[in-house]
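Below are structures written as structure tokens.
Below are two complexes that have chain A in common, paired first with chain B and then with chain C.
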Partner chain A sequence: MQEKKNKSWLSFLLEVIVLVALFTLVQYALTVGLINQSYQINLVTMCINIILAVSLNLINGFTGQLSLGHAGFMAVGAYVSVILTNFMEMPFIIGILGGCIAAGIAGFIIGVPTLRLKGDYLAIATLAFGEIIRVVLQNIDYVNGPAGIVGITKLTSWPWLYWTAIITILVIVNLMNSSYGRAIISIREDEVASELMGINTTKYKVLAFIIGAMFAGLAGVMYAHYFYIIKPDTFSFLRSFDMVVMVVLGGLGSTTGAVIAAIFITFLTFGLQKYAAMRMVIYSLILIIVMIYRPQGLMGSKELSRKTFSRIWSGKK
Partner chain B sequence: MLEFSQQIVNGLSLGAIYALIALGYTMVYGIIKLINFAHGDVMMVGAYVGFFSITMLGTNIVVAMLAAMLLCALLGVLIEKVAYRPLRNSTRIAALITAIGVSLFLEYITVVVLGPAQRVFPQSAFPIKAYNLAGLTILNKQIFVFVSAVLLMLILQYIIKRTKTGKAMRAVSLDMEAAVLMGISVDKTISVTFAIGSALAAAAGVMIGVYYQTINPLMGIIPGLKAFVAAVLGGIGLIPGAMVGGFVMGLLETMVSGYGSSLYRDAVAFGVLIIILLIRPTGLFGKNTGEKV
Partner chain C sequence: MNLLEINNLYKSFGGLGAVINFNILIQSQELIGLIGPNGAGKTTVFNLITGVYKPDKGQIIFNGKNIAGMAPYNICKKGVARTFQNIRLFKDLSVIDNVKIAFHKDVSYSLASTIIRLPAFFQGEKNIEEKALEYLRIFKLDTKRDEIASNLPYGEQRRLEIARALATQPTMLILDEPAAGMNPQETRELMELIKWIRQDFNLSILLIEHDMSLVMGVCERIYVLDYGQLIAEGLPEEIRNNKKVIEAYLGEEVGKC
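Presenting the complex of A and B:
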């Protein structure tokens, strides 16, 4: 028992060391100037995509409630944080918290009525809500309507991005390892049966929706404070589809899969920058082919974790 | 009052287009319980076929519409065979994601092949004339759209109610397994459903070309979503429901842009959808059926 405890402490320490080392390495490369401007943008997009994919995976993958409105929550986070930091001149951390909380509230308001719906109806309703958020933003003069907000202070930096992405992953992984997580998975597997087992399905569905929305808001905050400009059209449902592609490719219900897919899609987008339309054709083919030949996605619902590595290490199958 | 009647005239012709598209959604949903996201994009392809038929082959509008209907019927059958048939026994979410994939594919393959630019639908194919009727301005394109849409709906009603194919379609949508036992070829019936639905969408595409005079590769998205809302409004899976829903959506939209803000025009459709889904998910004409375990 004592030995086991020591071992888990050791591997925990190892993880922390790996995370910090990765962070320091990139930070060092950034300060020395090894990473040029376009790769820096790629790096930022990657972290934002990881946050988005992992958080959407909580809703679409783990809870099994197909949401097509994730970009709407991203928009709420982005706009609220910019209002806080730029219009009211508050510190960045307040902007981050405000953006997350506002997106979470939006998630609650949208989640409570729509999560009574199932399957494709839910998908369409979330898509509709995402679009309504966009249209409403277009009609608010305070945030310049369709023109959007230009000249946002650049506050997003590598440490912020890296650690927020790590926090997102940690929160969701730990949530899924808790009793809450098991309740959430039981809803995906069989909603009626889990309700019969005494699980308050509405409560857990709304909870997953709120947490997912909050992290989408976080991604929106990071996006807004790096790319200088936000406008309602940035957050149209095509962006939601981008996120769905990542989640589907990675495997509905696998955080590792979502991270890998987010990294892959970011590089694909980067590589096909000059051919925006071709990129969308490739995305669509990925969706169709994955659904026909491997509907569980790259990773299925499997995870790469400490256990997997130690299993490979000790040579056990 | 006059302005109100004018809005009704405008709304009816727009509603006829939505109704035609909504019919395809509702027929496909009725038979395989799939929201065919690509339906609006089939409409876009129809508009392009019509466009090229007029500009390159110099046909008149009726021939262009028939050509679009024929080609899109084939496209619809092809989409079903390639993308939806392998997924018939998998989860509905998987089928829905595939449909989104097909939709994106049609949109962006058109962008890649034909370019993203907007094209102007040739005026020569359909010179605009305005008629004055008791103070109302009625354009000949409105009459054209309304009459041809109603004609197509009547033909559809005939096919569904009076022919053997229509009977097979109704049987499969009622109970697929029982239909198989009765000797109905389900695959063939589903193909026919896609063919008819896509042909109607193509006709609507040419009408939109005539009506709005411009076409572009992403033109299918918003009318497609609105037609879907129309189908849900009338009760998805029900053919008369889709027709009524389409007209209601058309009227609502012209009223909102006529009396309110045109910026909110698209939000209204989504608002209606959400209200319907929350209050009466089965639509105006739908019956409520409980979930069986």
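Presenting the complex of A and C:
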């Protein structure tokens, strides 16, 4: 028992060391100028995509509720944080918290009525929500309507990006490996049976929606404070579609899969920059191929975890 | 004490009465059978009791409270648990996780302590794990704790479903055709198990079953439904010789045993 405890402490320590080392390595490379401008943008996009994919996976993958409105929550986070930091000149941390909370509230407001809907109906309702957010933003003069907000102070830095992405992953992983996580997964598995086991399924669907929305908001904050400009069109349906592709590609219900797919899609987009028009075609093709040959996605619902590593380590299957 | 009292329960689908003025009275720790030909409305009665369907009319008084129309998860918390005619496990989850989910309604740690991994979380998880294993042991499923539920053989899936229902700590367990698809040997074992559960867990059991030998063998009283209506109730011998019941079944099954 004691030995087991020591071992888990040791692997915890090891994980922390790996995380810090990775962070420091990139930080060092950035400081000495080893990473050029376009790779820097790629790096930023990657972290933002990881946050988006992992949080959408909570809703689409673990809870089994098909949402197509994730970009809408991202927009809420982005706009609210920019209002706080740029218009009201508050510190970045207030912008981050404000953006997350606002997106979470939006998640609650959207979640309560729409999560009664099932399958296709929910997908359409969330899609409509995303579009409504966009159109509303286009019509608010305070945020310059369709032209958007330009000249946002660049506050997003590598430490913020890296650690917020890590926190996102940690929160979702911890949540899913708990009684709350099992309750959430049981909804996906069989909603009726879950309800009859004493689980208030509506409550947990809304909870998953709120948490997912908060992290989408976080991604929006990071995005806005790096790319200088945000417009309502930045957060169109196409962006939601990107996120769904990542989640489906990675495997619905696998955080590991979501992370891998987010990295893959980021690099793919980067590589296809010259053929921007072809991007959607290639996305669609990848989706079709995955659906035919590996419908459960890259990882299925499996995770890479400490257990997996120790199993590989000890040579067992 | 009356544990469950149903008065004039009525439910129709598209104008057709599926359950028509149904009445039942169950004392605590009774073992009651509900039988009837296919489509008689038995499963519908179960769905009404557990809140899957809302009744059109009537009262369902459980432990002195009218639970008619309450949300299923609240009815579960009041102490009613069930299994399904066509097994509804959480298919892609492990055997032990299926049982663990039943403990969620009494989860001892908060969402915050989950996310930042406070000691309360580890303690709570340890308790849940131990309790879940206890139930698996009772149903001889502990050696398969990490197997995916849908990979279990049929009889074990049925047992796991009962284990999961019991793990919600009900005072009333309702079983919808628990022996369906089992061979005679498994059915006999199941009969013993059902009797034993009632004793050991101190609960009432209401079961639907087509296997007459099982029903007659374990149930203390039997209710018979036909076309949504109660046509008979009484002791097993009374039911066996009831003319209306024999007619409803065309004599075949009841006559055999």
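Structure notes:
The definition used in the following text is that the second predicted complex is superposed on the first by the 317 of 317 C-alpha atoms of A that agree within 3 Å, B and C clash if a C-alpha of one lies under 4 Å from a C-alpha of the other, contacts with A are read in each partner's own complex, and residues count from 1 in each chain.
Going forward, a contact is a pair of C-beta atoms (placed from the backbone, for glycine too) under 8 Å apart; a residue touches a chain by one contact, two chains touch by 3 or more.
All of these numbers come straight from a predicted model, not from anything done at the bench.
When both complexes are superposed on chain A, chain B and chain C sit side by side without a clash.
Of the two partner chains placed by superposition, only chain C is touched by A:N174; chain B is not. When the two complexes are superposed, the chain touching more residues of chain A, out of chain B and chain C, is B. In the superposed model, A:A123 lies in contact with chain B only, and not with chain C. When the shared chain is aligned, chain C comes close enough to touch A:N200, but chain B does not.
Legend: residue contacts after superposition of the two complexes on their common chain; A:V192 is shown touching both chain B and chain C.
Once both structures are fitted onto chain A, a short way to say it is that chain B and chain C open up an angle of 80° at chain A, using Cα centres and rounding to the nearest 10. Using the contact criterion defined above for the overlaid structures, shared-chain residue A:L285 touches chain B, although it does not reach chain C.
In the superposition on chain A, A:A183 contacts chain C only, with no contact to chain B.
Remark: least CA distance from chain B to chain C after fitting both complexes onto chain A is 8 Å.
Applying the stated touch rule to the two superposed structures, the overlap between the chain B and chain C interfaces on chain A comprises residues 192.
Listed in rising order, the residues of chain C touching chain A in the complex are 50-52, 71-73, 76-77, 81-82, 84, 88-93, 97, 100-105, 107, 109, 111, 114-117, 121, 124-125, 128, 164, 168. The touching residues of chain B, counted against chain A in their complex, run 34-35, 83, 86-87, 90-98, 100-105, 107-109, 111-112, 116, 225, 228, 232, 261, 263-264, 266-267, 270-271, 273-274, 277-278, 281, 291, 293. Across the interface of their complex, chain C is touched by residues 171, 174-175, 178-180, 182-183, 185-186, 189-190, 192-201, 207, 301 of chain A. Contact residues of chain A toward chain B in the complex are 64, 66, 68, 113-114, 116-117, 119-121, 123-125, 127-129, 131-132, 135-136, 138-139, 192, 241, 244, 248, 252, 277-278, 280-281, 283-288, 291-292, 295.
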